[in-house]
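Below: one structure in C-alpha cells.
Chain nomenclature is as follows: A, B, C and D, assigned in order of appearance, with residue numbering initiated at 1 for each chain independently.
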Amino acid sequence: MNTDFAPEELLIATVADMLEGLGHVAVGAQSPIPGSAALLARARSGGSLRVSMLGSETHSPFTDGGRELFDCAAQGRIDAFFLGGGQIDGQANINLVGIGDYPDTKVRFPGSFGSAYLYFLVPRVILFREEHTARVLVPRVDFVSAPGVSDKNTYRKGGPHALVTGRCVFDFDDAAKRFRLQSVHPGHTVDEVREHTGFDFDMPEDMPETPAPDANTLALLRGDVADAVAERYPAFAARVFGNANAA
Amino acid sequence: MNTDFAPEELLIATVADMLEGLGHVAVGAQSPIPGSAALLARARSGGSLRVSMLGSETHSPFTDGGRELFDCAAQGRIDAFFLGGGQIDGQANINLVGIGDYPDTKVRFPGSFGSAYLYFLVPRVILFREEHTARVLVPRVDFVSAPGVSDKNTYRKGGPHALVTGRCVFDFDDAAKRFRLQSVHPGHTVDEVREHTGFDFDMPEDMPETPAPDANTLALLRGDVADAVAERYPAFAARVFGNANAA
Amino acid sequence: MTSIDDLAVRIPDGATLALAPDYSGVSMVTIRALIARGAKDLHLIGVPSVGFQGDMLIGAGCVATLETAAVTLDEYGPAPRFNAAIKGEKIRMIDGTCPAIHAGLQAAEKGIPFIPVRGIVGSDLLAHRDDWTLGQDPFGEEDGPIVMVKAIRPDVTLIHAPLADRHGNVWIGVRREMMLMAHAAKTTLVTAEKIHDGDLLADEQLAPGTIPGLYIGGVAEAEKGAWPCGLFGRYGPDDAHLKDYLARARTEDGFASYLDEFVFAPKAAE
Amino acid sequence: MTSIDDLAVRIPDGATLALAPDYSGVSMVTIRALIARGAKDLHLIGVPSVGFQGDMLIGAGCVATLETAAVTLDEYGPAPRFNAAIKGEKIRMIDGTCPAIHAGLQAAEKGIPFIPVRGIVGSDLLAHRDDWTLGQDPFGEEDGPIVMVKAIRPDVTLIHAPLADRHGNVWIGVRREMMLMAHAAKTTLVTAEKIHDGDLLADEQLAPGTIPGLYIGGVAEAEKGAWPCGLFGRYGPDDAHLKDYLARARTEDGFASYLDEFVFAPKAAE
C-alpha cells in the first residue's frame, strides 16, 4: 500500500475525523471533498452514520421535495453540514452573495442557498473552503448571508464548528467568537497561514501538524469510498483516488 | 321509465341543482345523498364539474395526505362542500360536538371535523340534514363548532348557501342572517315545517313545492350515477336506485 | 426488525401518541399489544380523527387525554367506549378541527413554534384551547384576526403500512398524512403487512410514497396488522367482527368479554 | 393537451413565474418558446434556485425581477448572463434563502398570509426584504425574534415532468418541490416527456408521485423537453451543448448567436 497521499485525501481524512460518532450528516451539492469525508466516516462507523447527499440519486433519503432537508434540520435530525463562502470572516460570518455594496455588487456570487437557515439549526457546521487567501478569509464580510454567532435570546441550535482550508484547520471558539488555529497541513507553515488570512485568530503555544491519513484510512478511501464517491463525482474520484492509486 | 321517485331521489336532484355551473365540488365521508348529488351534477355538466369524494379510492384526486382538501379549499379551488350538524340554529351556526354545557356534554357527537375551517373558505356550503326536527333545528346551538356568519373584518370567503332537510329547502340570507323557506317537499306542508323547526325563519308570499325530478334526471340518476355511487355506497345505491328501478 | 410486543413497550405510559384514522393505516395489532401490556395515561392525537383504535384504548383505560377533530366509526355508528368515557368524565377531551391538527403537525415538521390557520374565528373550539390564540398578519394586508396554532410534536407516531424494507423505509402510497405524522413525531413505530426485499427508496415508482427510514424507530412485520379494520388497497374491514365489537362494547362487561377473547386470551396462549 | 407555443402565450408579460432547479424538472423547450415570443418583465422565482432557465431568460431580456436563493449552473461555473445583468443593473434582485422560499410557497399552499421560518435572524438578507419581518412566538415559549415570511403565490408554475396523462395529472416522482409549486401557484403549465395511457391517479404506484390535474392549467407533450438540461431518472445534461452555451454566453454577441441558432432559427423553420 502506497502511503503517499493526495492533498485532497488529507482534507477528506481531516474532515471525516470531525464526523466521528454522529448519526446523520448531510452534504450539499457540488461538495466532493465533504461528500467523500462523509462517506469515509460512514465506512468507519460500520454503517451507523447516515449520509444524505443532495443531488445524488442513490444517497438521498428524502421524499418530500426540496424542503425536507431544511425541515429535517429544524427537527434536530441532522448532526453536521458543510458551508462554504465567497468570503468568510473572523467571526465566522459567511458571504455567499457578493463583493461590494449590496445590491450593487462588484463581484456576484451564486447566492445564499440555505446557509442563512442551516447555520442556525445544524449543531456541527463545518466551514470548508479549499482556497485559503486573504481575498476569501477577510476581516469583515461585505454581506452577511449567515452570521457566525447570535445573541443569547436568538433560537440557535447550531453554528460553526471548524474551518478547513487547503492550508490548515481552525476551530471556532464560541465564547471568544474567534477562530483558533488547530493544525497546519504538512508542507504548509504558520507564517504562510498568517500571511494569507485576512482576520485575526488565536494560536496554541505548540503548533501541531494536521495528521496524515494512516494506511487503513487510505485503504478505505481508495476502495469502498472511492467507489461510492464515483457515483456522484466521477471526474473527482478518477482524478484524486485514481491518481493516488496509480502513484 | 317510471317517474315515481324515492324521497332520496328528490333530495339528490334538489342538491344537484345547487351545484350547476360550478367547477369543483368536494364531498365528505359518509355522505351518500350529497355524494350522489355531486355525481348527478357532474353527469349533467358533461364532465366539466370535478367531484372529490373523501374516503373514495377512485373519486379522490388528492395525493398530499389528509391536509390537501383543506389547503385546496383555502386556495379557492373548491366551490361547494356539504356540512351537517347535530344541531343547526337560525343563524346557521352548526354544532358537531355535543348537547349540554361543554365539556360536560349530555349527548356527545363525533366532533367538529373540518367544519370550523371549511365553512369559512368554501363559497357555497350546503347544510344537509335529513332529520328535520326541533331537536336538530334549534333556536341556538349549545356549542358553535362553526359560526354561520362572521364580522366584516374576519377573513371569510364562504358560508351557508342553503339548508336541505327531509321536509324542505331553506336558503340563507347573508344580510338578514336568517334562513328563508325556499320550497317544501311534495307531501310535506309549511305548518309541518314550522312545527318541527326550532328557529324563526322568513317565508315567501307564495310557497312553492320543491320540484320533482324530471324523467331525464331520473334516467341519469338510475343509470350512470347509480353505478358511480355504488362504488362508494353499495348498500345505499341498492336500496335507493335498486328500489326505484324495481318499482 | 422487531416484534409487536417490543413496539408496545416503546410507547411508554404517558406518551403523546399520534394515530391515523381507520381509512388510513391503523396498527390494530399493536393497539391490542398496548392494551395487553396495560399502557396508562396515553395522550392520543387523532390525525385528524380516531376510530376503533381510540375507542378500544379508551375502553381499556389506557387513555388520559384525547386530542382529535372527531371520533368516528363511520357507518358502524357512535363510538361506545368513547361516549361512555365522556359521560363518566374519565378522559380529558381536547376538541380540535382537522386542518388545525394537520397544521400543528406541519409546524412541528418545520421546527417552528406555531403556524397560522384559516377559519375557526368565532368557533367555541377556540375558547377551550390554550394552544390556539388569535394573532394578526404582520404585513397588514388583512385587518381581521387569524388563529395561531401551537406546534404538535407527538412523542410517537404509530402506523400500519402495506410495505416496509430492512432499511426501515416504509411505503404508505398516497396516505401522506402518515408521512407528516412521521416527520412531526420524535419517533415512529410501524407494523407492515409485508417486508419488501431491496430498498424502497431505490425504486423510482415506490420511493415517492415512502417514508425514509431516517424517521422510523422500529418496524415489525404483521400480516393483517390492521385487522379488524381495513388497509387501503389491500383488504376491507371485517364487517362481522366490527359489528360484534359494537354490540359488545355497548356495555362495560361486553367490552371486557371482547378484550378477554381478542386481546388477553391470545396473549396468554402465546 | 396543447402546444408548447400555447404554453408560452399563457405565461403573460409581467407574470410571476416559479421555476424548478436544473436537477428537478425544467421545461427548457418552453423557455425557448418564451424567448421566441419576446416575453417581457417576468418576475422569476427560483424554487429555491435557478440555473440555465434563469440565465437564458435574463440574457434574452425577458426578466425584470429575480427572486431566488441562488443562481447556479453547478459544475459549469458562474452564470454568465445573470452576472452581466447584475453588473449592468438590468434586473431587480430579491435575494432569499431556500427554506424561506419553500415556506413562502407552503403559506400560499395553505392560503395563509405568512409563515414563521427558523434562522435568518442577523442575516443581511433580512434588511433587504419588505416581505420578511421579525415577530414573536405568541405562546411565549421563546423570548427571541422569529422571522415571518409572506406567502409566495406565483401566477404560473412551469415544469417539465417524465409523465402526464390525458386528465392533466402529472407524475413527478420524488421531486415534490414541483408538487408544492403547483399547489401554491394560480396555475401550472407542464411539458411532459411522455403521455401515459390511462389515469395516473388510478395507479397505486404512480399516484403518490402525481400532481392531480386539479392544479394543472395545460400540458404539452415534449420529448426531451428538458434538453439541454437533464431529467431525473431519464437522461443527463447534454454536456457538450452546455459547455458551448457557457463559452458563447460569456459575451452578448455570443449569446445572441446562441439564441439565433437554437431559439429563433428553429422557430422560423417551423
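The working rule: a residue touches a chain if its C-beta (ideal position, glycine included) is under 8 Å from a C-beta of that chain, and two chains touch if they have at least 3 such contacts.
Keep in mind it's a predicted model, so treat the numbers as computed, not measured.
**Student:** Identify the chains in contact with chain A as well as chain C, in label order.
**Tutor:** Chains in contact with chain A as well as chain C: D.
**Student:** Would you mind telling me which chain pair, A-D or B-D, is linked by more contacting C-beta pairs?
**Tutor:** By number of C-beta pairs in contact, A-D is the larger.
**Student:** With chain centres set to the mean of the C-alpha atoms, which chain is at the far end from chain A?
**Tutor:** Taking each chain's C-alpha mean as its centre, the farthest from chain A is B.
**Student:** When the C-alpha atoms of chain B and chain C are each averaged to a single point, how far apart are the two points in Å?
**Tutor:** The answer is 29 Å.
**Student:** Taking the mean of the C-alpha atoms as each chain's centre, how many Å separate chain B from chain D?
**Tutor:** Centres of chain B and chain D (C-alpha means) sit 41 Å apart.
**Student:** Quick check: how many Å separate the C-alpha centres of chain C and chain D?
**Tutor:** Distance between chain centres, rounded to whole Å: 37 Å.
**Student:** In chain D, what residues contact two or more other chains?
**Tutor:** Residues 103, 106, 110-112, 117-118, 142, 146, 174, 176, 179, 207-209, 233.
**Student:** Can you list every residue of chain A that touches 2 or more other chains, as numbers and ranges?
**Tutor:** 62-64, 70-71, 74, 121
**Student:** If I apply the definition of touch given earlier, which pairs of chains qualify?
**Tutor:** Chain pairs that touch: A-C, A-D, B-C, B-D, C-D.
**Student:** State the interface residues of chain D toward chain C in the complex, per the touch definition above.
**Tutor:** The contact residues of chain D facing chain C are 103, 106, 110-118, 131, 133, 135, 137-139, 141-142, 146, 148, 150, 173-174, 176, 204-209, 233.
**Student:** With touch defined as at the start, can you tell me which chain D residues reach chain A in the complex?
**Tutor:** Going through chain D, the ones touching chain A are 21, 23-24, 47-49, 68-72, 74-75, 78-79, 82-83, 86-87, 89, 93, 95-100, 102-103, 106, 117-125, 128, 142-146, 174-180, 232-233.
**Student:** In their shared complex, at which residues does chain A touch chain D?
**Tutor:** Interface residues on chain A, with respect to chain D: 29-30, 55, 57, 62-67, 70-71, 74, 96-98, 102-105, 108, 110-121, 143-147, 150-151, 153-155.
**Student:** Touching chain B in the complex: which residues of chain D?
**Tutor:** On the chain D side, the touching residues are 108-112, 179, 183, 201-202, 207-215.
**Student:** Could you please specify the touching residues of chain B with respect to chain D in the complex?
**Tutor:** 24, 50, 58, 61-64, 68, 70-77, 121
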